[in-house]
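Here subunit A shows up in two complexes: once beside subunit B, once beside subunit C.
What follows is the complex of A and B.
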C-alpha cells in the first residue's frame, strides 16, 4: 500500500535548543534548521551519531517538544497549537529505547489498553482493539502475563501493540531496537515491516544498525542538528567514505565490496545485503563463463 | 527467582471469596474493624473470631498462611496482654510477688488479643484473595466520591499501580547493583548492624538515580500515549457486581448481626 505524495509530517526550517540549566551556561542547540517531509506509508530511517539530534527530532514530530523556530505540521495539524497536541499524539505513536520504562500496565493487555483508555474509547471497543493489536504483533498468548516476564523484544512488541490500539497513522521508533539482542531486533523489525507494507502505517525508525537502514524506503542522515544527506539506502551507502567521515558505518557487505573495488575490482557500489551480493557474484560468474 | 515473588502476598485461588468484588471485600473488612472496636462484649469478639476463621476456610487459603500476618504483631499482642493483666485497676484476683492481677485486667487482655487477631486476619484475608491490580481498582472506585472535595483519587490509584509495576524491575536492578558493587570490592556481609546498613549506601544511591531516570522516561512515554489524568478516561475492565457479591455480603451482614446480638443482650 502506498499513498504516495500525501504528507504525513512536514518540518520547515525547524530550530530547537534545550534551555540552559544555570544562568552562566549556554543553551544547548539540538536542531539547526531541519527541512524534512515524511510521506504517508513511507519507511524512513534516521541515522546519526549519538547527540546528533535524532531523538530531539523524533520528539518534535509528536509534540513532546515544540520547535523554537519554524514549524512542524503533522497530518495537517501544527504542533505549535496546543489544541492539536492530543490529535497529533494519537496519530503519531512513539516507541522508546528502554523497554522497561515505557510499559505502564501490570499485565500485558492492561498496558495495551492504556492508550485507548486515555482517549476515552468505550470498554467493549477497547477490548476489541487490544485483542486485534496483540494478534497483529503476535503476542496474543502473552496477554495475561506480567510484563517483567517477557524478553526485551517481546516488551517492545507490546509497546508497539499499545500504540496500534490507538489506531495511529505513523509510528516513530526512537532507538527502540538498540537494547535488544539480534533475535529481538529481528522480531521487532518483522512486525514493523508488516505494518508498513500491509497496513500502510508510516514508520520512522531511528537506529545505529546499518542492516536495519537497508530495509527502509528512504534514509536521512542527521549530524549536528541538520539533515545532511537524504536518499535511498543504496544512494546513501554507496558513498562509503562520506558515511565513515560522519562517524557512521556502512553495512558489512557494502564495505567488503568497497574494499574489493579499492583493489581494482569493478563491482557496483550499491550492494547492501547478502542477497544483493549473491546476485552480483552470480552475474559476474555468468559473464566469465560466457567470456570463456 | 526474584520474578516469582508474589506481590502483596496474593494467594491464587478460585473460591467465592476470591471471586467477590474488591469493593465488597474492602467495605466488609472495614465494617468488621469498626464492629470489633465498638463492641466490648467478649462473646461478640469470640463470634467475630469464629466468623473470620470461617471466612478463611471459605476462601480455601490455608489457615496457617492466613495467620502468618499475626507473626509480626505477636510482640504487640503479648505486650498489651502483659500490661493489661498486671496494671489494671479493679477487683484483685491473686498476687504474684508485688504485682496484683485483677479480674478486669484479665478480661481486658483477652479482649485486646481477640481484637487484634480479628483485625489482622480480616484485613489480610482481603489482600490474600485480591490481586494488587483489582485492589487498586477497588480503592479508586471506593474513593471516587472524594473527588468532589478535590482529592486526587485517580492519581493516587495510578501511583499505586505504577509502584506495583516497578517493584520487580527495581528488585532486579538492586540485585544487579549489589553484584556490580561486590565486584568492585564492596563488603555487605561483615560488621555490626550499623556498618551493614552503611554498606548499603553505595547500592541505594545508584538505585535512586536510576529510579528517577525511569520515572522521567515513563512520564514521557505516558504523555506520548495521550495520558492527561483521569478526566474522560475509560477503563477496559469494568468492576461488576455479581450474584456472588450479593451472597457474600448477605452472609457477612448476617454474621455482623449475630456478633451484635450479645452486645445488646448483656
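What follows is the complex of A and C.
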C-alpha cells in the first residue's frame, strides 16, 4: 500500500515540561521545540540517549501528554482538543517501555481483549482478533495463564498483542523489545515489518539496538528534547563519529568499514548489513581480478 | 572462598498442574574474582539460577554454598551482604524520596558509616553510572526508564559486595551507558577482585567482558566455556535460541567468496585485521 504523502502525525514547534513535584524544585523541560512529520505507511525509528525525550515524545503523539506550546496533530485531529483524545487513541496504539504499566487483565487473553472491548468491537470479532494477535506474537499457548507468571519478554509480547488486537493505523513501540532475546526481537520486528509493508500500518519504534534502526525508512535522533538529526539509516550511520559523540553506536559492520577507511581504504560509508558488506567485498574482488 | 552449586534443581508451583522445572541438576563452582557471563534464551532458567545465590530462592534439591554459607541456613543477612544483586526489573526497587536517598538506602541498612563516608561512596557509585548531580535531587518517579535503571544499579554498587550479580542489567541502557557499565564492572573486578556474574541475552555483549561463559538451555548448563570457544559452533548457539555477533555472520558470508577466510571472528577488531590481509590496500 502506498500512502506516501499523507500525514499521520504532525508535530509543530512542540514544547513540553513535567511540572515540579515540590515548590522548591524546578520544572523538567523534556521537549524543547520539536518539528516532525510522520507520514502514513512510514517506519520511523527514534534513537537517543537515556533521558533525551523519546518516551515523552511518544506520549505526546497519542495524546497521553499535551504540548505546553505548539501543536501535535494526529490524523487531522489536534491533541489539544479533549474531544479528539478518544479518536486519537483509536488510531494510535502504544506499547510502553515497561510492560507492567500496561497489563491489566488477570488472564493473558482477557488482557489482549481489553483494548478492542473498549473500542466497542463485537464479541465474535474480539475473539477472532485475540486469537490472531496472540498467534502473531507466538503466545497462543499462554492464552489462559496469569500475566504475572510470564517472563519480562513474554509480557512484552502480550502487550504488543493487545495493541495489534485494536488494529490501529499507527503503532508506537517505546523500547517494547528491550527484554526479548535475539530471536524474540527478530520475531516481533518481522511482524511489524509485515504489517508495515503489507497493510501500510505506520510504525514508530524506539530502540537502543542499532541493527533494528537499520530496518527503518527513516531515523530521527532525539537529544535534549530536540530532533538533532533525521535521515535514512544509511545517512544517519555513515557519520560514525557524530553518532558515537551522541552516546549512540553504529552496527558492527558499519564500524568495520569505518575502521578500514581510517587506515586508508576507500569503502563506501553507508554499509549497514551483512548483505551490503558482502556486496562491496565482491566488488573489490572483481576489481582486483581485472587489475591483475 | 567460592560459590559452590551442587545438583541444584528448582521447580515452580510444585505438585500443581502448573509445575515447571526451571533449573535442573546444575553443578558448578565459581571462584573469587571470576567474571562470568550467563547467557540463554528467555525462560532458560537464568534468573532462577542466580536468585539462588543470595538465598531469594531455595533449592528444591541439591545445595548452594556461598563463602561457606549454605543458602538454606539462617545466615541470610550475612549472605545478602556478600552477594549484591541487581534484579531483572530493578526499577521496582526504587521508592525513596530522592535519587540520592535511594542509592543510600542499601548502605544505611547494612553498614555503620559516618555521613561523610557514606556521601563519598554514594557519589562514587553515581559517577560509575553517570548519574548527574542534578538527577540526584530528583524523585525516582521523575526519571526516564534508562535513568531509573542506572539508579538501581548504583544502589547495589554502593554496598561494595564481594560478589556482584546483575540480571540483564543492560536492557534500557543507551549504548554509551552499556559501555560505561562494563568499564565500571571491569574496574571493580580489577581493583577489588570482586566476583562478577552478569546475565544477558546477548553473547556479543558479555563476550568482551567475561572470562567464562555459561550457556543455559532448558534449565541446564549446556556449555561452560570461554568466550572464544563459545563462538566456535554458531549453529549450536542458534539451536539454543541465541545468535552470534554481526561480524561473525559477516565472516561466514565472506568465506563463501574468499577461500579460507576465517569464520571464527567475533570482534570488530579481528574482522578489520582479517580483511586487511585479503583486500588490497589502495
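Operating definition for what follows: the second predicted complex is superposed on the first by the 266 of 292 C-alpha atoms of A that agree within 3 Å, B and C clash if a C-alpha of one lies under 4 Å from a C-alpha of the other, contacts with A are read in each partner's own complex, and residues count from 1 in each chain.
Definition applied: a residue touches a chain if its C-beta (ideal position, glycine included) is under 8 Å from a C-beta of that chain, and two chains touch if they have at least 3 such contacts.
Nothing here was measured: the structure is a model prediction, and the numbers come from that model.
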Superposition on subunit A - do subunit B and subunit C clash or fit: clash
Partner chain(s) touched by A:183 [first = subunit B, second = subunit C, both, neither]: second
Comparing the two partners subunit B and subunit C, which touches a greater set of residues in subunit A: C
Contacts of A:284 with subunit B and subunit C, given as first, second, both or neither: second
Touched partner set for A:64, first subunit B, second subunit C, both or neither: first
Which of subunit B and subunit C A:6 touches, first, second, both or neither: neither
Touched partner set for A:228, first subunit B, second subunit C, both or neither: neither
Touching partner for A:98 - first (subunit B), second (subunit C), both, neither: both
Touching partner for A:259 - first (subunit B), second (subunit C), both, neither: second
Touching partner for A:193 - first (subunit B), second (subunit C), both, neither: neither
From 80-88, 116-124, 134-142 or 224-232, the subunit C stretch with C-alpha clashes against subunit B: 80-88
Contact residues common to both interfaces of subunit A (with subunit B and with subunit C): 98, 100, 149
List of subunit B residues in touch with subunit A within their complex: 3, 132-133, 161-162, 164-165, 168-169, 172, 213-214, 217-218, 220-228, 232-238
Interface residues, subunit A side, partner subunit C - complex: 18, 21, 25, 28, 48-51, 55, 97-98, 100, 149, 151-154, 175, 178-184, 208, 210-211, 247-249, 251-253, 255-256, 259-260, 263-266, 274-275, 277-278, 281-282, 284-285, 288, 291
Footprint of subunit B on subunit A - complex, ascending: 62, 64, 86, 89-90, 93-94, 96, 98, 100-107, 109-110, 113-123, 126-127, 130, 146-149, 162-163, 166
Residues on subunit C engaged by subunit A in the complex (per definition of touch): 18, 41-43, 47, 88-89, 91, 137-139, 141-147, 150, 168, 171-178, 201-202, 241-243, 245-247, 249-250, 253-254, 256-258, 268-269, 271-272, 275-276, 279-282
